[in-house]
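Next up: the structures, one after another.
Both complexes shown next keep subunit A, but they swap its partner, so subunit B is in the first and subunit C is in the second.
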Partner chain A sequence: MEISPFLIFFASIFTSNILLTNFLGMCSYLSISKDLKSALGLGEAVIFVMSVTSVLNYLVYKYILIPFDLDYLRFIIFIIVIAAFVQLVEMILERFMPRLYYTLGIFLPLITVNCAILGVALFLVIREYNLLQSLAYGAGGGIGWTLAILALAGIRQKVDESKVPKGLQGPGFAMIVTGIMALAFIGFSGIISIQ
Partner chain B sequence: MLSEVLRTVSIVSGISVFLAGLLTLAEKFLLNYGTCRININNARQIEVKGGNSLLRSLMQSDIFIPSACGGRGSCGLCKVKVLEGGGMVLPTEIPYLTEEELKGNIRLSCQVKVREDIAIEIPEELFNIREYTATVEKIIDLTHDIKTLYLKFNDGDELSFKAGQYVQIKVPRYGKVRDEVYRAYSIASSPRNRKEIQLIIRRVPQGICTTYIFDYLKEGDKIVLNGAYGEFYLRDTDREIVCIAGGSGLAPIKSILHQMHEEGINRKATFFFGCVSKRDLYYVDEMKVFESLIPNFRFIPALSGPKEEDNWTGETGLITEVVDRYITDGSNMEAYLCGSPGMIDACIRVLRSKGMPEDRIYYDKF
Partner chain C sequence: MGSQYKEIAKKALWTDNPVIRQILGICSALAVTNLVSNTLVMGLGVAFVTAFSSFTVSVLRNIIPIRVRMMVQTLIIAFYVILVDILLKAFYPDMSRALGPYVGLIITNCIIMGRCEAFAQSNKPVISFYDGLMSGLGYTLVLTAIAVVRELLGFGTIFGLRILGDWWVPWTIMVMAPSAFFVLASIIWVTKTFALKKEKTAGQKVIRGVQASGN
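Entry: the complex of A and B
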């Protein structure tokens, strides 16, 4: 049965959140979640890059890799496409949108190696999505990732003012919070299922 | 089989070539800022190719802003007032700028990219800083890891500097080092002699510049440098002088001593020089000569870890302990410190505890 793109969009935000159910993109999630402002900046960049690269990678996969029987090369090709795209975006921002470049620009190099973005590209191949579904999955995945990092940043900002036992400060605490958030998100998983 | 391999390789290369081409074109058109004008102090205009850092653009036009790290954004010396253009303050600059400087449009010129016409303000004396070519006359070993470099400027060129100031040596590409770098060294010789200078250089393990000087540079070689920079020079007062140096930090102090002798400055002065053991000590005889030439000057070398065979009878202990023993009231003295950041910070604490106001402690950290 064909899953509707809308369903995929909402599912990838809530029930199949790429960060909280697949645990992808953890490194920048843990390191840039100290305050809401930079978490939002990084999140916006992820949403944009994920939406566009999921479509780009879908096109590359469907029209280049499949016809030539090269789908086993998808890992390397997807990474190259993502890296080149991020680089291009960085140049365009630097030239035409300096204000955005100063706020998002520092995060762009981080995104090249964000595994959630590669993960989205690989999942859409495994799940055999079409173009619209890929776009919905990319955009939803990005929004879901942003939601998760914003939630963690919000909690961490609050927790900064409370007493955390010494052994749990920093990453230890973030991991526990992430685990509890993941439990909550998995609670949704009975509502819609796309995996 | 072969055709499959060829096809795979050509498709993967094709995709890479396409993307690389796209990026190269994008760089050429998107990051091409054409010619930009830099207006300096409303007095001079220079035209540079856009896209480089302000520091480098100015350097290409022979205006040298002091910078010890060579544009990596780690020394915070290359501050310039940017009046127009230059974009927003970057996160990389903020740690080096005080709140007042942020308000006064002070920026780190190595981080500001010239993407548009830009107006800046720099101290007038920076116009006098330029590039010099010199020939290495002699290289002399002072200790196992310190050398003196004797440089003579080519074509009778002269460098005018204040005793205590430093120059930057340009290290060319050599061995595995792919980029030119600049490193700062204090001048150790007399400011009266403008045709030749001496630099005292201590080997830094794996250091780009010191490895070049110790392993590659030979007598007769040419070397490019620019200068002179620095706010570390003898202030014109009547106060008693305290000089403290460690390792190659003796260089600017030696230059200041030359100046005191030549100008007949007879202020009371004490020079504390800290080393580990006797093999690190150098220029002791020269300092003895200064003691006889400058009436109120005393040289006090101190070893922090003299070896048994050194038969050391002079002062021992960390330089801060020695200074602590000698100075009782520092309230009417001024101090000139040159050495590692750790040594300088420790000395500043000792001097302040002796009643010396912080604004009379001048230092050169390296």
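Entry: the complex of A and C
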């Protein structure tokens, strides 16, 4: 049975959160989560890029790679599509929306190396989604990722003042918080499952 | 020259370990560590890609124009990742299915790009190869440690062999995602405390030395 796009959208935010269950996009997640504002900026950029590139990659895969039997080249092609799209967005923003460019601009290059974006594209292929399902998965994945980074940034800001053992400060602490968050998100998993 | 090689190995495997000290390549480090055998294959794949891409980048370092080097490096890395993917599919199809998209995600593993940028870009090919290999092995080391804990407590087995007897009640949480965070955090905690203590005693020694010479 085909899973409806709406279910995929919902599931990729909560039950199969791309960060908390698939561990994708951890690098920027750990390093940009020190304050809420930049976490939100990065999150917005991720949602946008992920939604569009999942559709682009789906189209490229279905209409170029499959007909020409170039399936094995998909890693390279996906990376190029993502990098080219990010570059394009950067140029358009700089030219037409300079204000948005200054708030979002510094985050865009980071996105090219965010493995969540590439991960979404690879999952699309493995799970054989169609166009609408891909869009739902991309948008939901981006929103889920943003939700997780915002939660972590909020918690980190709150506990900034408290005393944490020296060895645990920084990444170690962020990881334990993430672990507890992942436990909480498991609570949703009885609702739907798309894996 | 020999001491330089030793220094690189020590740094990559312990004092500057990419995963626990530099917090790089975390994504894949967590995702594949529920079984030791998967982890070993993944780790060796990363070591292979890191070593050969460092080597290639180093060979081409005077030819690649500085402005497009990121793109070229990514393409070089992607080339080796495709090799690993095809080899896995051909010889270990089950393993390839178990690792799923994470083989492809080696491309975005920051350790590889980091070694290309930080080392291979300004060093000779052979030593770059060695540096990449050591960084990859440092990554494998930490991953295997996590995987041993998770598989032992989660299934009571290591490499699929039963270690703990029937009395053992498997911890289901060790098979699920959150445990990866907890285990890695504990490892980081322990090693960082250890490193901090070492720094402290080293610092005290210096201070004592200064005082002694002052007297």
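As a working rule, the second predicted complex is superposed on the first by the 195 of 195 C-alpha atoms of A that agree within 3 Å, B and C clash if a C-alpha of one lies under 4 Å from a C-alpha of the other, contacts with A are read in each partner's own complex, and residues count from 1 in each chain.
Criterion: contacts are C-beta pairs under 8 Å (C-beta built on N, C-alpha and C of every residue); 3 or more make two chains touch, one makes a residue touch a chain.
For clarity, every value in this text was computed on a predicted model and none was experimentally measured.
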{"item": "Fit or clash - subunit C, subunit B, common subunit A", "value": "fit"}
{"item": "Subunit B versus subunit C, judged by how many residues of subunit A each one touches", "value": "C"}
{"item": "Subunit A-centred angle between subunit C and subunit B, computed on Cα centres after superposition, in steps of 10 °", "value": "70"}
{"item": "Which superposed partner A:L70 touches (first subunit B, second subunit C, both, neither)", "value": "first"}
{"item": "Partner chain in contact with A:L118 - subunit B first, subunit C second, else both or neither", "value": "second"}
{"item": "Which of subunit B and subunit C A:G25 touches, first, second, both or neither", "value": "second"}
{"item": "Touching partner for A:S134 - first (subunit B), second (subunit C), both, neither", "value": "neither"}
{"item": "Which superposed partner A:M91 touches (first subunit B, second subunit C, both, neither)", "value": "first"}
{"item": "Touched partner set for A:T15, first subunit B, second subunit C, both or neither", "value": "neither"}
{"item": "CA minimum distance (subunit B, subunit C), superposed complexes, angstrom", "value": "8"}
{"item": "Shared subunit A surface residues [contacts with subunit B and with subunit C]", "value": "73, 76"}
{"item": "Interface residues, subunit A side, partner subunit C - complex", "value": "20-27, 30-31, 72-76, 79, 83, 113-115, 118-119, 122-123, 126, 165-168, 171-173, 175-176, 178-180, 182-183, 186"}
{"item": "Touching residues on subunit B, where the partner in the complex is subunit A", "value": "7-8, 11-12, 15-16, 19-20, 22-23, 26-27, 30-31, 87-88, 90-91"}
{"item": "Subunit A-touching residues of subunit C, taken from the complex the two chains share", "value": "23-28, 30-31, 71, 74-75, 78-79, 81-82, 85-86, 100-101, 104-105, 107-110, 113, 176-182, 184-185, 188-194, 196"}
{"item": "Residue numbers on subunit A that touch subunit B, as the complex places them", "value": "60, 64, 68, 70, 73, 76-77, 80-81, 84, 87-88, 91-92, 94-95, 98-99, 102, 106"}
